[in-house]
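First chain A sits with chain B, and in the next complex the same chain sits with chain C.
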Partner chain A sequence: MVHLSSFLLKTYHGGHIVIRLAMAGHKQSNRPFYRIVAAYNKRARDSKYIEQLGSYDPLPNIYNEKLVSINSGRIKYWMGCGAHSTKPVAKLLGLAGFFPLHPMTVTETEFHRALAELAEEAAPEDGVKQQQL
Partner chain B sequence: MFQVITRSTPVIRLLAPRGAVLVEAVRGRKTRTDPKAKSKEGRIKTPPPVDPVEMVVLRERFTEYDLIMRALRLEFKEEMLRKRYEEEVGSLAEERAKQEAEEHRSLMTWNQEENLRMLKIRELRVQKEVEAAEVKKTEAAILREQAMESFVKEKGEEIMRIQEEAKSFINLENLDQRIEEALDNPKNYNFAIDKDGRVVKRTVLQCRLLQT
Partner chain C sequence: MAAFSAARCLFRSYSLVKNVDQNTGILIRCSRRMLCSAPSDSSSPDAHVKPQFLDSEVQDILTRITGLNLEKVFRPIKQELKPPKYKLMTDAQLEEATQSAREQAQRLLKMPPVLPERKPINDVLSEDKILEGMDTAKYVFTDITFNIPHRERFIVIREPTGTLRKASWEERDRILQVYFPKEGRRLTAPPVFKEENLKMVFGQDRHEDMLDLCQVQFEPDSSEYIRVHAATYEDLEKMGKYDLLRSTRHFGGLVWYLVNARRVDGLMIDMLQKDLLQDAVSLVGLFNKVHPHSETAQEASSQQAYGLDLLKIYAKWESQRAGYVELALQAYEQTSAESTV
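Here is the complex of A and B:
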């Protein structure tokens, strides 16, 4: 059927455009896959969006990579038009280098590093203690 | 149970870490009159403890981040506006407009020529049709006149025939005479006809009579 009306007919009062992750199809599988999407704030997460700006695959592939695609030109356009971005998208783009690094990424990495150091300190101490014993 | 406050007046939150969300209590599952749960009677709600060092560090990081993000947004906006301006008013746009105008003009002239050509062809065709129609008309007129003449002639002949027949009609004067004539001469219409067309005037009875 041919839709004669425009694609996104609904008008929103006081809504804005966001760049966010939307789950892409495949509802009955244990396999999530996200699309980086420009959509109206009020819309449901997976429903009609304005434009797709990329994708993010959270499960690592055989080379242990998580693949992300970004359409930088269009993201620039939407940011220029006044679109907001959600936290996960901001973090992703910060890691990619498009945005500055998100403070929470930095804080979390510091935290993990401190934990790892503590674990390292604990492990050789145990090893030394055992040798002493 | 908790709902996020949007549109609240900007409140300076000194102790709250930057990037936190203002939350207020909202009636969820239980009504105003429902008693508190037994396990929650003596509970005193305290917010999670905040590490001041961490908070300061995070605050400054977030201010820096917000600054950079704002600057980026403005840059993107400027770039978009510039691109749009270029599209509409830039040098390339002018050239494109000129080319399109030239193309339009050439197409219009071609169209005009085509129109003239078709006009000439049409005029010739129309002329021929008009002549053919005239010829047809004259022919039809001639035929009509001929038909009229023949009709008139036929009617005249019929009149003559009837006039002649009228001489032998029965009038009031001839009536007695004709009656007597008819009574004097009885006519016999009794005859048979053969397949070959031979007329036989004698009836079966007459034949038998004649035979015997």
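Here is the complex of A and C:
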């Protein structure tokens, strides 16, 4: 299967194929929206890609959901052709259950929890200080 | 090397996912088949196969009762304003055009299915306590592969507590509408479907529009669909306005609902008043098929009754307003006797 990737590399475009997040549309707006995309490694993040494999909306909607769509059939095809996935995509797919869970997700969760605990410890201290004042 | 082990992990998890795919697909297909087909072995000794809505005999009876009023089926609906087209035809061509119009009407009158209410989905795919507190929002993952039927699609939610569960039916409907929009369907149900607003709509005699809207918005086995349809049929039965649905595709559903609730009296009287004797007879026949243990059915089978006799048996045994039905029958017999004389 790795041979297929080198077959695709016949014309020089530099690098291999990756499955990554590309920001979709409209750099002016303060509203990010990502497309999960199979593209050549060396191309710019938002420029021409080979195929769109899904989407990811990082802002939650009114039901507090972040919508992610995954075209599992095509992702399987590209992974079979030797595409690599970047860290954010690997994390998303790990959360989905498509990939095994990414170790950095666990590390980040522990980090967030530690931060939250620090914030909690800080907040009662601030409250006490304000009362004293 | 790392890529190789990752690929091996991937293939292992892919095979797991593939098996889950097939198993859930088979399960869903089996459960759908079990819902549709009748139970083959029941506990009672003289178990009968309960006729379902989609049986060919039941559908035949219901299509006959619905009638085919071409004027009503092809009445002007709200559409783009175009100037009318006039065609010059011979008699034979007019016959052909009427025939094709009739076939088109029959296709338009195809009845929407009546399905039992769907069971809620409570599947948890994985519980990962290590992921608790990762994020304040849920992640909804949808599989947008093209060739899967919507009922078998994977729509999975990762909660902030770390559990990976399948989406419930309402969430599924909403998210499928986001990625595969159906025309006319909205993401949230329009407020017409609330109780008070339904009553207002019924007051304006717009039951048919209501049912069409419900058809577009909800899936046939969702609880909302069944609730709205039940409310509509109840109101129609209370007011006696069966004519509103008579030549539409919802009439079969109305008749099926009334027959299953055993409250066919109003409809029967309405039919007799409009001199639709054949329809009344087929209605009683359908009733006997669906409730073969009732006294009407047993009397009918013992006496091998047909036609008017069926109606007389029904009037005697089953109907609550027996006097009314018998009066109407007598009036019909008198008029038929006078017409023959």
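As a convention for this text, the second predicted complex is superposed on the first by the 101 of 133 C-alpha atoms of A that agree within 3 Å, B and C clash if a C-alpha of one lies under 4 Å from a C-alpha of the other, contacts with A are read in each partner's own complex, and residues count from 1 in each chain.
Following the convention adopted for this analysis, a residue touches a chain if its C-beta (ideal position, glycine included) is under 8 Å from a C-beta of that chain, and two chains touch if they have at least 3 such contacts.
No experiment lies behind these values; they were computed from the predicted model shown.
In the superposition on chain A, A:Leu95 contacts chain C only, with no contact to chain B. Of the two partner chains, both chain B and chain C are touched by A:Lys76. In the superposition on chain A, the chain among chain B and chain C reaching more residues of chain A is C. In the superposition on chain A, A:Pro124 makes contact with neither chain B nor chain C. Applying the stated contact rule after C-alpha superposition, one finds that A:Thr107 touches chain B and leaves chain C untouched. In the superposed model, A:Gly25 makes contact with neither chain B nor chain C.
Chain A residues in contact with chain B (one complex) as well as with chain C (other complex) are 76, 79, 99-100, 106.
Residues 3, 7, 9-10, 13-14, 17, 125-126, 128, 130-147, 154, 156-158, 164, 175, 178-179 of chain C touch chain A in their complex. The residues of chain A lying in touch with chain B in their complex are 76-77, 79-82, 99-100, 102-103, 106-107. Interface of chain A with chain C (complex): residues 54, 60, 63-74, 76, 79, 84, 92, 95-101, 105-106, 108-109, 112-113, 116.
Chain B contributes residues 19, 54, 58, 61-62, 64-65, 68-69, 72-73, 76-81 to its touches with chain A in the complex.
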